[in-house]
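Chain nomenclature is as follows: A, B, C, D, E and F, assigned in order of appearance, with residue numbering initiated at 1 for each chain independently.
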Amino acid sequence: MAINWFKYSSPASFYSLAGKMIPIFVIAATIFLIAGLYIGFFVAPTDFQQGEAYRIIFIHVPAAWMSMFLYVVMAFWAGIGLAFNTRLSSMVATAIAPTGAMFTFLALWTGSLWGKPMWGTWWVWDARLTSELILLFLYIGFMSLQAAIDDPRRADKAGAILALVGVINIPIIYFSVQWWNTLHQGASVSLNQSPTMATTMLWGMLIMALASWMYSIAMTLMRTRVIILERESHTAWVSELHQKEIAR
Amino acid sequence: MNWESWSDFFSMGGYGVYVWGSYFMTIVCIAGEIILILKRRRTLHKHLGLIHESTEKEIKNETTS
Amino acid sequence: MFWWIIKRDILLAMRRRSDVLTTLFFFVIVVSLFPLSVGPEINMLRTMAPGVVWVAALLASMLSLGRMFSGDYQDGTLEQMLLSPHSLSLLVLGKAFAHWLVSGVPLVLMAPVLGIQYDLSVDALLVLTASLLLGTPVLSLIGAIGAALTLGLRGGGVLVSLLVLPLYIPVLIFGSGAVEASAAGLGYDAHFSLLGAFFLVSLVFAPWAVASSLRISME
Amino acid sequence: MLQGSNLVCIRGDRRLFRDINFSLEAGGLMQVGGPNGSGKTSLLRMLCGLSAPAHGDIRWCGETIRSLGEVYYRALTYLGHLSGTKDDLTAIENLRISSALAGTEIDEKKARDALRHIGLKGRELLPVKVLSQGQKKRVALARLLVCDTPLWILDEPLAALDIHAIKLIKELLEKHLIQGGMVVMTTHQEIDIAAAATHKLQLT
Amino acid sequence: MFWWIIKRDILLAMRRRSDVLTTLFFFVIVVSLFPLSVGPEINMLRTMAPGVVWVAALLASMLSLGRMFSGDYQDGTLEQMLLSPHSLSLLVLGKAFAHWLVSGVPLVLMAPVLGIQYDLSVDALLVLTASLLLGTPVLSLIGAIGAALTLGLRGGGVLVSLLVLPLYIPVLIFGSGAVEASAAGLGYDAHFSLLGAFFLVSLVFAPWAVASSLRISME
Amino acid sequence: MLQGSNLVCIRGDRRLFRDINFSLEAGGLMQVGGPNGSGKTSLLRMLCGLSAPAHGDIRWCGETIRSLGEVYYRALTYLGHLSGTKDDLTAIENLRISSALAGTEIDEKKARDALRHIGLKGRELLPVKVLSQGQKKRVALARLLVCDTPLWILDEPLAALDIHAIKLIKELLEKHLIQGGMVVMTTHQEIDIAAAATHKLQLT
């Protein structure tokens, strides 16, 4: 039987659906997090070059991946909202931005904490580092633009255009290591090459990436629910829902 | 098992500041994000309560007058 | 129609002739500030030169973005443009072109003179000018998007730089990269083809993005 | 020709009006009245397609104005609260440029005649910023003299004008209506305009 | 009265909280642009650092000058201020102070972080911050004169930079000079006392100059 | 109290008026009339000291207003074509700030009462930019309710207002005049205001 997707594209039904899904993702995120950390700290061996410092990789790389991935997802939903005038997808895009910005910040923070012991400096003006910084600015630009506009529908559309235009930055970040010869490490996980890392290390990283993925979904859903209520605060279903929640 | 003792674990082969600095900031960010969302929700529900009251009053006024 | 818009914007700029001059002076002053605050070692200045000129060009172009639509917005001309039977994208293209004529072309013409102050070679000067000639229209086109998005928002002037600068950065990197490559005796074809690609992409997409942003801003 | 059905306007958390229905034929005048803030400007902007109604639709010759796009704009002249004139340009330049934007290019002579007719003789070459409030308004209104669109949407065209100018505008509107044009307008002043059919739409 | 003006301007800035943030981000972005276009050699960057940070601070402060009076002019508030029974100089001082709070203080706070990116020593960072703390109010005060003079002129945004930059230059030279001197291990007291002198002079004369320019602009 | 003698106004190469003489006592109303561009606004700005007359002088209680400076401003409230309201602030904030600037600090309650009185109930907390044209004008006019200056100079206070608001303003002016205030105003609309003494100054 085909699921009726249109049913869930109305904010009201999405609200309750999301409410049911959040616990699942929270639990999944916690499990993956614990497993990932266990592998990261207790299973993965010490790196013969970098010593224990490499253990930063278990947050650095997932954070860096999520920062780029979430931007694309955000731009995608924002674009859908712009093209088909669906309110829900724009709200999802708005909800993703802070989480994406947080991961970008974490990638920068952990990267520079890693850089100090490895490269001897907190920061270099290397292409990848710089473009990651630009990504942070893009997120902040998106959020400030939306914050500067009072009318939510207008904010959605304006943000969508900015997000779509900013997508060009993603390939630049991703390929920057190949385009410029720089300090930063190239991609060591790719589809056609065998991974160059110790397998346990790789597993730890991948599981941590899964954890951050689940976490992002959970946060996005939670924030979307709040945004839905904020925007629809005058509709009948919200006041009904509110009464129900008070009654409980 | 990689670690001999807790202090070994915390020193991270001399890189403790960097490794734990990273993990600490991650925890701060995650906790901060969750707290911000919950706070936003609480203020929203307060706001909804106000709206709810005012509409109820209006309805009452309309029925009495 | 395209021509009417350009004619009008140029006319407005001419009515206050100082406009064009001041963008130019801004450019000149920023470029000249650096030797003042960094110190006068000529070798270092020579390495800095392409970067400084490009950053100054970018800032000069960005500074005049605020004027691009805000005047038309405040006095209601923009409303009339949206209601014009002509294609809005075309109108927008005209405005971006006028912006380039007023704020980009003077920079391109001035750049060689400033480059001489930094002791650049003739070759490097030529590459610098050519890279600016190809790059500044991209700045105007991308800038128009930012200007349209922030229309009517308070603090628009600064918000627009926040939105636009990240998008300018690739242009900046390849523009100044070309000059550095030529100064180092390397090939700079790749840089120019990338700049050309940016130009074409922005020429095709920017007018559309600007037109939709304007419609959104006026709702 | 111009039809609105079940129009609803929502601004913020306030519903300004609902269930507005009207239909305007050639030669028809619609006067939109109502106190300050009742939604007249909002309605007019909707009719121009500058904003979208929360519900209901607006049709021109049977088609929704969204779908018509530029075809509709070719038939429309809108003058809002804002004058759409550039302070730094002269009255003539302003008039020529705004008409060209609206789709009718006019030469200098025609622009000058229109400005003279509307009472700006001797002020054609001054930059608009030194003109008085009422003179600025006249520069904007001069467009009505040179355009050939059937539908005029005018938001308080009489504000800031003196008695003489009001009379002039009244005659201009009547002439346009006789020739089969349509006018939608708002005003807080009493004015009597002869038309084949007059609708009064009162918002509250 | 003074407080009312400050309160109002801060209120306006807070209404769009992004305002303060965006000045800050502008500063950050400009500082980050240079390494991109100049190249990543750390030694060169270190020598450039004080100059770059100071130029960026100057531009950030200048960019927000446009907003200082133009809003008040366009909506008629300025007319009302001239007709206020309070001393116009005091009102103006209030506006300059508010401008500094919104656009200067954030820069001072941010500067050390950016300095780290350029690998400055702790000493140099302290001197940089202190020089900005003393220098940015001067920028706001001088800037106010330029903003008042160009009021209501088209292209004011760029014209103001033309007027104001030459006056900013001494501040720039001594501000970045102090940092360079400290980085080179020399004394920087002289620089600071000059900056202090600029501050006092501008505190006394700028409000008066601004008040008269405003009266002239409104005639 | 307010006296003008032999006032001449020159704008560009045009003399707008000359030999304007008047004197306004407590309770007196001066209505400045004339077609668009005849110099009403220019005259009013002169009376405020915003621009200087080409000849002649303006005295308040016997002294020229130039020499009085801030003492004169303390007695004066001017409302011009421009509203002097900040789009981003709410009506209450606007009113409180503009009165504080004009020398009377008022608290939130008083501001709210004034706004309610002038018909902005329920709109006090909206940013002024979303208000309608007439509502913006009312925010500006609300200052008249809270100020205690004897001399009011009003440039087209009735523009954009609806009939109800016009009546309100009329009553407000009459009350002010009865209490010994003075009003100088322009308007293109017919309005009858009761005053101890009414001057009609017609510019041409």
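Heads up, the rule we're going with is that a residue touches a chain if its C-beta (ideal position, glycine included) is under 8 Å from a C-beta of that chain, and two chains touch if they have at least 3 such contacts.
Since the structure is predicted, the reported quantities are computational estimates derived from the model, not experimental observations.
S.K.: Please identify each chain that touches subunit C as well as subunit D.
M.R.: none
S.K.: Most remote chain relative to subunit F, going by C-alpha centroids?
M.R.: In terms of C-alpha centroids, the chain at the greatest distance from subunit F is A.
S.K.: Most contacts: which chain pair?
M.R.: Summing C-beta contacts for every pairing gives the maximum at C-E.
S.K.: For the copies subunit C and subunit E, give the interface type as same if over half of its residue numbers appear on both sides, and as different if under half do.
M.R.: same
S.K.: Between subunit C and subunit E, what distance separates the C-alpha centroids? Give it in angstrom.
M.R.: Here the centre of subunit E sits 24 Å away from the centre of subunit C.
S.K.: How many Å are there between the centre of subunit A and the centre of subunit C, using C-alpha atoms for each centre?
M.R.: Centre-to-centre distance between subunit A and subunit C: 33 Å.
S.K.: Can you work out the whole-Å distance between the CA centroids of subunit A and subunit B?
M.R.: 17
S.K.: Round to the nearest whole Å and give the separation of the Cα centres of subunit B and subunit E.
M.R.: Centres of subunit B and subunit E (C-alpha means) sit 37 Å apart.
S.K.: Going by the contact rule already set, what residues in subunit C reach two or more other chains?
M.R.: Each of 12, 15-16, 71, 74, 153-155, 159, 162, 165-166, 169, 219 in subunit C touches at least two other chains.
S.K.: Can you pull out the residues of subunit D that are in contact with at least two other chains?
M.R.: Correct list: 81, 87-88.
S.K.: Residues touching two or more other chains, restricted to subunit A: which are they?
M.R.: Those would be 130, 137, 140, 144, 148, 234.
S.K.: How is the touch graph of the chains shaped: line, ring, star, complete or other?
M.R.: other
S.K.: Hey, which chains are touching each other here?
M.R.: Once each pair is checked, the touching ones are A-B, A-C, A-E, C-D, C-E, D-F, E-F.
S.K.: Residue numbers of subunit C touching subunit A in their complex, please.
M.R.: Subunit C reaches subunit A through residues 142, 145, 149-150, 153-155, 159, 162-163, 165-167, 169-170, 205, 209, 212-213, 216-217, 219.
S.K.: In their complex, what parts of subunit D are in touch with subunit F?
M.R.: 11-12, 34-38, 40-41, 81, 119, 123, 126, 130-135, 137-138, 156, 159-165, 188-189
S.K.: Contact residues on subunit A for subunit C in the complex?
M.R.: Counting only subunit A, the residues touching subunit C are 82, 130, 134, 137-138, 140-141, 144-145, 148-149, 151, 153-154, 157-158, 161-162, 164-166, 168-169, 172.
S.K.: Name, in rising order, each residue of subunit E that touches subunit F in their complex.
M.R.: Checking each residue of subunit E against subunit F gives 1, 4-5, 8, 11-12, 15-16, 71, 74-77, 79-87, 91, 218-219.
S.K.: Okay, in this complex, where on subunit D does subunit C touch?
M.R.: 48-52, 70-71, 73-74, 76, 78, 80-89, 93, 97-98, 100-103, 105, 127
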